[in-house]
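Here the chain labels run A, B, C and D in written order, and each chain numbers its own residues starting at 1.
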Amino acid sequence: MISEEVLKGMFQPRTTPWRTSITKVEPNRLVTQGYPQEELIGNISFPEMIHLLIKGVLPTKNQEKMLQAILVSFCDHGVTPPSTQSARLMASAGSSVNACLAGGILAFGENHAGAIELSMKMLQEGIILSKDNGLSLDETAQQLLDYFTNNGRKIPGFGHRYHDQDPRAPRLIELSREYDCFNEHTELAMELQGLLQERKGINMNIDGANAALLSDMGFNWRVGCGLFIVGRVPGLLAHVQEEKTREQPFRKLLNVDEMSPGNDLVNSF
Amino acid sequence: MISEEVLKGMFQPRTTPWRTSITKVEPNRLVTQGYPQEELIGNISFPEMIHLLIKGVLPTKNQEKMLQAILVSFCDHGVTPPSTQSARLMASAGSSVNACLAGGILAFGENHAGAIELSMKMLQEGIILSKDNGLSLDETAQQLLDYFTNNGRKIPGFGHRYHDQDPRAPRLIELSREYDCFNEHTELAMELQGLLQERKGINMNIDGANAALLSDMGFNWRVGCGLFIVGRVPGLLAHVQEEKTREQPFRKLLNVDEMSPGNDLVNSF
Amino acid sequence: MISEEVLKGMFQPRTTPWRTSITKVEPNRLVTQGYPQEELIGNISFPEMIHLLIKGVLPTKNQEKMLQAILVSFCDHGVTPPSTQSARLMASAGSSVNACLAGGILAFGENHAGAIELSMKMLQEGIILSKDNGLSLDETAQQLLDYFTNNGRKIPGFGHRYHDQDPRAPRLIELSREYDCFNEHTELAMELQGLLQERKGINMNIDGANAALLSDMGFNWRVGCGLFIVGRVPGLLAHVQEEKTREQPFRKLLNVDEMSPGNDLVNSF
Amino acid sequence: MISEEVLKGMFQPRTTPWRTSITKVEPNRLVTQGYPQEELIGNISFPEMIHLLIKGVLPTKNQEKMLQAILVSFCDHGVTPPSTQSARLMASAGSSVNACLAGGILAFGENHAGAIELSMKMLQEGIILSKDNGLSLDETAQQLLDYFTNNGRKIPGFGHRYHDQDPRAPRLIELSREYDCFNEHTELAMELQGLLQERKGINMNIDGANAALLSDMGFNWRVGCGLFIVGRVPGLLAHVQEEKTREQPFRKLLNVDEMSPGNDLVNSF
């Protein structure tokens, strides 16, 4: 039985003590992760800010360089990804820029950007498995490969439908050695690549390389897709802009006959 | 200068007296537009509920029949609309059902579902113009047509890129006479059609017919796209479901080669 | 090694044989699930159309009535749900109607509309369990309850944070008997309610009732959230409309001080 | 009359010659704006890549620094913006990370991120006005101010509901002088600030400063909101992550009573 007092409490407007530890907002003062924003602006790079927001601390100089390279590598893959196609479809339908970007992001489903998180999860769990059981990284790679193969699943982060050698992956690995960011997760990924090359002629792709490097930088696998989005939004924006300014909209190329019996500016479905 | 007291007030958690006149929520009691929900359930139809929510009152029996027909007419147009293509792209990328539906809705831009609102606005302003200036409806139609033509714009709600006679429009008009819902806005739309048929062989399309009928039912033009969405969401859901259960995903048909060099379950971009 | 021919094939524009069995589109002819649309318009109700789109066949008269009641029951729950709050936040930020509706739908996450699908899944798997193991429905209910309790999970579809007796649930059950739509899934749900009332004083909520009834009507649990969205979009539209026309925007109530030092029409963050 | 041949053509699957000048995709080769991606990775910064994608060319060293600072300045404003609130609501409802980010972006409506585009448009049109009519920048500022005031509109980019001196704006202006990026649009914005300080004690806010600087860097006003989103997505991701890992979800703080009569893990609406 609910008392009258409780009832009143339940449906009264209530105080909302919103709390966040990310940014403290006061009049004329904004403090993010402990730093006044006017001190961050002009003193740190955008990737340093991204690291600060997500990890709570500033990266080392080498980590910053690595993150810079990772974010650049996410930039664009032409009109082949469903996210780009969705954003362009919406742009050609006349939706606003923010709606087009949101729409593109909604297409980062399990089969699209999902691979990077799956790959991070596999590598992070692989390292735990290796430590807990005293396995070497090549033994761990072998076990992961067996597990996925026995369950009829592909190894996330390896193989690509357009590229048999994704040009971005080896470049990222090379840089990770230069920036001293090559550690156990990337080593495990290299072991996996070795086995997969031998057995199936398959190489690491961009997702696998970034999954390994982000894991070595200490990012939790649950932010993998989010970081991919951070890196890909500028590319989506470029596509939306291109679509909105071109004469022949993308959509027309997709599904329209040349010979329209009537109204062709305002379409009806 | 802000006093300390004001400062405190500005950044304290504050009470949020959310108010809505749509539904009153109390423990064990939900009252929508004045009616307890348990009395509405089983006693009114879904279109009656839609009318009640948007207009604040229940429709007459004839208005209910008209709205029923309008909502049915919005149902689906195969895979040609950008909204359906977007929703299917997302479904094939592995996004969740609600993300796919949201994505489809984001493609209802100006050039897609925009036509129904533009058409409603044109007809509603046309009727005001007619009354304010003592113009007959055929004079009004003539003025509207001149205005759009002189500004290089197509008349929203007329002509269709697939159909020279959209089969849904005349059926809706026929029903509006039967249900006694044919009034001034629809009459104005018929005048426009008469002029456009004569000049360009163009007929009213689904958007034009529904724009006229919804206007005659007293709906503000600003809810036109929203009502289209209400009627189209079930169709989008059917497409998402079909996409998620088919062997050959829509996306593969869009952009994938048959011969994938490696991994084909988890794709990378 | 990829041959030159394959390479060419991979990057050429390719034919897109889009197929759907939902609607066949031909000039001046639209055939949905086998019926010409102009014959459906005016002859079937909106819920019949929804059934036809999702299930592929028209419902019986009683099923139509049941679906009518279910869709009405989804209508609105005031400003308490995160979906409504999100849609209103966006409306007050000046986003377009379709963006607001899409945003509302994106808030139907696991903890919100997820319950209806979980409940449908539980009941549908419960019935299979019962048949496969020759269990009575009260034995099945007992097993389900033990399973959820032992795993520290709440039973989806039972209990409500605002209502100890959700007024919509018993009304829907009552109607299901009247419409001859009360079958094994609903019976199992009633058994669960019996056990939960006894043990914890918890009753079936709207999600539990609709999960049971939709399961008895043969809907796959994977469309549960989608059907909830179909029923809730009109309510979201009503809230967006209310928000866009009110003087005091919802957002202001949420987070704004009365005493704005300067510009208050165009806000900055 | 449509001939049979045309009919066939209209409804046959058709070739989709997708074209983009942003990235050329070939097997094992990705060329963005003329540069192979493996050469960009490790050699340019993320802001340089953003500039390359949107403007088609690499920025100068000073422009890169300016863009770096601008992107950092967009980072976060705590839980006050509707975009952050929406993203957190969705996170607490259990939506996926990409759905939460998309939802946040959908709240960048006219009244929220709209200010930056309006401000860019005003400044860019102001400079054209100034040149076309041989007006000095202070005369132009005067005319703009009169225009907005006479139309009952606030000047976009000036004044802030939390800050009477937005700490980010003067810092950005200071840097623009250091990086030699202070040009006519920023000068015009300073003139406007002078007039507004005098008349109403209002200062430039973050939107005004970035609008001026992005205009001086040659960005079209139509990408203003898009660039704000690029800079804000990392902050949204941080909030989503915080929300998903906190014990007490944001949503609960918004609308839930402490005393829930039953089920509190799975909620029902």
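Note that contacts are C-beta pairs under 8 Å (C-beta built on N, C-alpha and C of every residue); 3 or more make two chains touch, one makes a residue touch a chain.
All values derive from a computational prediction rather than experimental measurement.
When the partners of subunit A are compared with those of subunit B, the chains appearing in both lists are C, D.
Taken together, subunit B and subunit C share the touching chains A, D. Ranking every chain by how far its Cα centroid lies from the centroid of subunit B, the top place goes to A.
Rounded to a whole number, the gap between the C-alpha centres of subunit B and subunit D is 29 angstrom. Subunit D has its Cα centroid 19 Å from the Cα centroid of subunit A.
Chain centres here are Cα averages; for subunit C and subunit D they lie 34 Å apart.
Counting only residues that touch two or more partner chains, subunit D has 2, 10, 14, 16-18, 25, 27, 77, 79-80, 95-96, 98-99, 102-103, 106, 108-109, 113, 162-164, 166, 254-255, 257, 261. Taken chain by chain, the contacts link every pair, so each chain touches all the others. Within the complex formed with subunit C, the subunit D residues making contact are 2, 7, 10-11, 13-18, 25-27, 77, 79-83, 85-86, 89-90, 92-96, 99-100, 102-103, 106-115, 118, 153-164, 166, 200-203, 205-208, 251, 254-257, 260-269. Across the complex, subunit C meets subunit B through its residues 2, 6, 9-10, 14, 16-25, 27-30, 32, 36-38, 40-42, 44-47, 49-50, 53-54, 65, 68-69, 71-73, 75-80, 97-99, 101-103, 105-106, 108-109, 113, 162-168, 170-172, 174-175, 178, 222-223, 225-227, 229-231, 233-235, 237-242, 244, 250, 253-255, 257, 259, 261.
By the touch criterion given at the top, residues 2, 10, 16, 95-96, 98-99, 102, 106, 162, 164, 254 of subunit B touch subunit D in their complex.
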